[in-house]
Structure formats: C-alpha cells, structure tokens
C-alpha cells in the first residue's frame, strides 16, 4: 500500500522535514470532505461522527478514486464510485454488494494524525503514525489585549524560499519600498544569529523604528525596535517586533509545501498597538496584504527562474542571516540527521 | 522507417492488444482526410478513388508534415508542404519538381488495413499487415425489429478502466443512483464468471429488473432479468439484457485507446422493447447519455488520481467480476502470450 | 557559476552553432532591461551609462531573481529583490546592507558580448568571451537606391527547419500557391550547389520570373531570374533575386533559436524595383507577411508532428538542395569539427 505521489521535478535543494503542518482553518472543516496536497501527497480532511477532524490519503483503496469527491455518511467517508466507506483510521467499513465483512487489511486507506489547534487544522506528515508531541503552539494568539488576525495565502516557491523571504530584512527596502524600510539613510546595527533547538534565530540590536507606513502604525512615536526573526522545524517562520511597552507584534506563519513550486502560508498575527483594535484591524490587514502580495510577486519570479535554470545557484553574504541555516535544518531533518548546535555569531548590517 | 510516436507516461498497467479498432463512423469519412490517434499513433483516414476507406501513418515521408493537413487529389493524399502524393498503400506517387520516378522504398508511408463494417470504420493497429480476419461483428445491429443507436464519446481513462466501468454492476447504485440500481433493498444473486475465447463473460442469475428509470423503460412490467457482461479482445465491452420475450438490449462498445488517458468509445446499442421505436428513441438516448456522462465524470477523477500517484494501487474483491480478467487479457495479448482457459467460477453478490 | 538552463526535449537532430545571434532591434533597447531567450538561455539586454548595449545572464547571482524584472540605475542593472547591482561586464557593484565592498568573484553574473549593427542588437552566444570578429554584415542594407525593410517574427520550429523552409524552392508552389510559383507548366532548370566558407549556396540557372503576385511586383516585364539561396553559420538564411538591372532583392534573415520549438526570425530585406519606393513599400510588406504567415503555419504543423513522433524521420531527394547541408553544418559547428569543403554539385529541377 504505497502512499507515494507522482514524483515532481524538484526546484529546491532543501528537503522535506517530517512533522505537523497546517492544512486549513478549523472553521473550514466540516462533514464535507476537503482535498489538500501535503508535500505533493493528496489527502482528504473531514470531521467524523464525534466532530474530530481526521485525515486520510485521498485515494480509495479499491479503484483509486479520490475520496474527497465522495461524502461523509455516519462519520465515515464514502467513495463516490462504488460506495466503499472508511472510518477516520482508514479502516474499510462498507463494500456494497459484497457478501461478508468489509474490514480487510488490503482495503485500508493510510491515515494521518490530525488535530485542531488555535484555529487551524494540523496534519502529521507521515502516515499511520501517532506522534508523541502535538502541533506548534503559536505564542500570544488570542491572548487578552492582543488583536489576532489569521490569513491563508498561496505563495509561489518551495518552503525554504518562502521562509527565507518571510524572515529576510534586506529585501524590505526594495520589494516593500515605502511601506517598510527604505534604501537610504542606513544606519549600522548588530545582528546576533543563534541556533535554537530545531531552529535558528536572528536578533537585531540597535534598529530604529522603520520609517514606512507599517512602522508608523505600530509605533507612532518611533524609538528603538526589539526585533527577532526565527525559523523552527518543520515549518514555522516567526517575526517578533517589540517597539515599546504598548506595541508588540508576533507574526507566526506555518508553511505547508503543496508542490515543489507552491507553499501554502497560514499566518497568525498577534498584535498590540497604542491605537484601538477596531482601527488597528482596519489599517493593518490592507498594509499586510500589500506586503504579502509584493512578496508573492518576487517569489513567483524567483521560482520561475530557478525552474528555467533547472536548479538554484545562490551566492550568499553574511547579511543573509537565516537562509542557509533554514536549508541546512530542512536538509538534516529530511535525512534524519541532527547536527550539533552552532556557535552564536555576530555581524554588522546597514538597515 | 519508424512508426513510434512520442512515448507517453503510462497511467495503466494493462498493455495494448493488437487488432481491429474503430476510429470513426463510416459516414464521417470522405475525401477530406481525417486525423486520428490510435494508441498514441497519429494516423490519417480518407477514401481513395474507388471509395475504399484507407489509413496511413499521418506523417509525410519527406519532412514529416501531417498528411491530414493536405487534401485528396485523384484518390491520393497530397502533402500540404511540398505536394508529395501517396496512394492508399502508402506508395509515393508524386514528388513535384523532381526529375525521375517518385516511387521509392524510402518514400513509403506506413499503411494500416482499413475496413467499413456495420457503420464504423475499423483500422488494424499494426502497420503494413494484411490481417486474416476482419473486424468484430456486432450482434443484432440493424436487425429487423431492433432499434439501433450509434454514439461516439471521448472517455477519460485507459481502455481497461473504461471497459471495467462499462461492465461493472456495483458502481451503478452510486454513480447512477436513481437512474439504474439503488443502494437499498438489495437481494442476493449468483454470478457465473467464465472465460471465452479471447475474452471473459459474467452471467447474472436471479436479478430482478432494476428499479430505476432505465429499467422501467425497457421492461415496464418488471420481472427477472437475464444479464451478461462480456469483454472480448482487443476492445469490445458488451452488455446484454433480456428482460422478457419482447425486451432485449445489446450494448456493444468498441474502445479505442487514443492516449494513455483518453479512450474513444464507439457504442452500438441494438434494442427491442414493448414500446414504439419512435418513443424508445426519444427517451432512450437522453437517459443513456446521462449515464455515460456520469461515468465520464468518475473516470476522469479516477484517471487524474492514478496519474497523481504515478500508477494504480487497486484492491479488488470477488464482486469485481471482470476487472482483473480484462487487465490479464490485455497484458497477455500485448505480450503475445496466451494462457489456458480458466475454470468457471461462481460467486454471490448483493444487487 | 553554471549558465545551463533547464534541459529541453530536443525536437531537432541539428545542434547549436556558437556565434553571433540577433536578439532585438536596436531601437527597442534602452535603459529598460529586456529579457530574451538565446537557445533556451535567459538573458537580459539593456544600455549602460555610455549608451552601449550590454547583455548579462538574466539571473541575479544572489537569489536567482530575473534581473530583467529590475531596472537600470546609473548604468547598472539593479535586482528587484535585494537591490544588488551589476555593471555591463557582470561585476557586482552594490549589495545594499552589506558592510564592505560589493565586488566579489562569487557575485559575478556571466556576461555576453553585445553589439549594435545595422539596426539590430547582436549577442555572442558563449558567456564571458570577447570574440575576435563581429556580427554578420548584411549586404545592401540601407544602401542608396534600395528600400530596406526590417521585420521580426516568431517562427515555429528549430533553426534548421526554419532555415530550410526559407531557402526551399519546391514548397513555394504549394504553401504559397498563387503568390509565388505554381504547380503547373513547370520547366526544367539547373541548380548548382556549392560549399561556402562556413556555409552553402544554391544557384538557380534558367529560371523564369515566377508568375505569382510577388514576381510581378518585382519584375513587371518578366524575363530570366538570377537566383541564389544561401545558408551561413551560425544563423543566416539569405535569398537573392536579380530579375533585371533595375530589380534586385536581397532577403537576409538572422535566425535565433529561442527554444527547440521556436526560432526568432529577424528579416532585413533590401530591395530595388522599377517602381517608386512608396508604392513598393505599400505592396511589398503585405505580400511578404502573407508568405511568412503561410510558412509559419506549415512549420507549426511540422514541428508538432515531429514532437508527437519523438523526432524527425526525413526522406530527402536531390531537389532538397540545402536542407541536409544546413543540418550537417550545424552539427559540425556544434561539435567544433570542420569538414573539408565539398565538391560543387549540379542537378536538374522542374520549377
């Protein structure tokens, strides 16, 4: 019983790290089965009779029709072709027309651990595994005093390219010119890059509040910024800004590789600012969406170009603070190897 | 002189059986050349000066332009590019501008045996062969007392998937719910599965007239159904229902693989029912077309999913009475091996 | 630093000859960078601060974004993603945010020799080479007494198929029936085929002025035609007609392979005829464009059919006077071998 999908032409040299990935908002999963692609693998997610979200391989064990084209009957998913039914564990529960019991090992459909957590549905990437730990817990989400905004977006590019983009400072002065940082009056700051357990972090020291629209909304009075960018295996890219006691932003994106060229981005932004939440919500989302659309455009171009050349050929400098570490973490996790924690490193950057 | 087309990514594990295949209705072939694909191979069919339908490889021997883009001149097909002409045997008959005879072995185009039979044009799949026997003879077609309906359709899926679908009983309660059988009040019947010479047959014993619209049209008064499903190499799927002395339906479909993902279906339905032919024709076709469109939809989904996973991974039960035999027959015929006739087998099924 | 693009499925057996290729009209190149494909390789062309046209590989050394999506700043091309800048030699001139010098060998982008000549921008196909000789010089272009017309077109097919088509006489009676030659009242002429240095030429002796519209425009009074067809490595197809002392046409096309299935055609037609230039221009272009569109159509069909069959399977006759030589020249040039000049050959042809 193979779960391997058709092979894709790889466009990234980074691998795929096993673990929990977001596939949908919890509110979008009901008794109507929904098809997703997790690292190229078709899966189907629905709620069983108890309301629990469950995920199976999206392929009937019988004639391989997509189960997502069927419907949920008494908490079992029923194939549209011959009416075979499967429970949330992938066990076959009905073979209409057959004299005898439907349950049979050859008729199982691979199942994937599935959990609702903090507004999202998370699926464990390896079939028929009951993982010891649960999905990543998003800090500050839905905490009192914080406005929490959730958004799903389809980003061009492999996971490592999308994660690097989300955590990259130097591109902001160009891709988001005017909205964020600018390419003039740069000042030298210090960046501390350190390893985390299954991740990496860059801390920016001495940065002033960015001059663009986004910075002005969060901290109208300016001042020094406390800023961390983090990547956590298998799929978390997190940006934290603390601009003052009253201004705090934690943008956590869970990245799910759909294909080697498309990554689904599930953003949870928890934000506190010295303006009313109603106003914050009104101004924040349009600015954030404009920034994300600019990133989508450059990621689309990068992805197309890498595909045209048949692979990446990247030159890096020390101000690419997290990109190479993200690739290394993904490669190691996909190979099942773990390297020793790296030394802390300090560099200078002009921002 | 190779006739091999570009290789396709195979989406079916069954092979291709050499033999006669339908490519068009006889009425659609005239002196305007028509392009077809037979198992991925581009061919061109037209009528020569005697009115005989002829088929050549659709590739000029000279610069490989498609002959189907040209026209028929004095019974020869003339290439649009440099005006080379070929007769129905593929012999070169004109090289405009050349001083000397046009006939030359290197200028031949491969030809395929071609026959008009029972309203269809049949082509033998192997080039430059004069087969001993002719195309399959469709029983009851155009016989007195029978209404004969012909229909061409493009079905998603490889030949074996389309043939299994055409001859499969269990899916009818789901894909054609309401039109045909239903998934309730099932009764146990007996199915006899036996080998035929170059084929296989399933006979259904004890089945009552299906409750759906299709059954009511054919046998308004109900009663027991005599029902056979048959596959015959290389391409015939046949369903026979005898519902009473006055009600008889023979649906013969000739299946022509176009690509690994598309099969052309040429249906000839001979039907006798206790209602006037004019009424029968009026009600039969819309119901049959609705059934076929439902099959097209599920076959499309099955084919897409098999392609996504890079191949089939089927689990079968005893009520999949003909599917595995169809695959075995095609595989054996494509390899040129013939296995001994299998024993008759009897199973129970709930319909 | 690899410059290899993604591999294409080859649809032609001929190779790629290194050398100068046309990519654009000089007037179309300014400070806005323009992307082109030269034999599948993405390149970007723009003018530097001195107005010189320059060409780089269209891939930022940093994160592989297409430089053509950026803009030219002070004569350097600036990447849209992180603002890296490169001069016309591919040297990195800016890494915004980095403390230290931007120049570094690992940050170079491959550059291609680039020249403006006779209204066209020519690019040398091999990166980081300063070729000894310049682009091909087009005879009679912009000479007094000659009307010069330039036209760019996208032709289906590999370079050798487009070049053979441009230099082929026999197809004109079919593909361009009525506009050019006709398939009747043919007369026997002599063709002398001779090798040139890095090329081949066919001279047609005894040909009468073609009866079609194109011939009547150029030589209203008829008469004998002096006619040469030439191919010159790497990419020149040239047709010369001298119909009288007052009528002379030199059609030079520079062919640039974009992909294995698309060739860009840059035509320079220098023409003198016994009618005023204003009238000549008015009638010439529509007729020429109609001829070219007919060629595009047959080349599209040929290319599709060759792709469907997975390669060419050509039969040639002696009246295919240049086709095989073009393939041989390209193959030899792509392998870096040079064969001895062939003997002159004379054949008869009916035109």
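Which chain is which? They are A, B and C, in the order written, and residues in each are numbered from 1.
The working rule: a residue touches a chain if its C-beta (ideal position, glycine included) is under 8 Å from a C-beta of that chain, and two chains touch if they have at least 3 such contacts.
None of these values were measured; they are calculated from a predicted model.
In summary, the chains found to touch both chain A and chain B are C. In the contact between chain A and chain C, the residue numbers used by both copies make up under half of all numbers at that interface. For this pair, chain A with chain C, the centres built from the Cα atoms lie 47 Å apart. Counting partner chains per residue, chain C shows two or more touched chains at no residue at all. By the touch criterion given at the top, residues 1-2, 4-7, 42, 58-59, 61-66, 69, 79-83, 95-99, 104, 106-107 of chain C touch chain A in their complex.
Across the complex, chain B is touched by residues 168-171, 173-175, 183, 186, 188, 298, 301-302, 304-310, 312-320, 348-351 of chain C.
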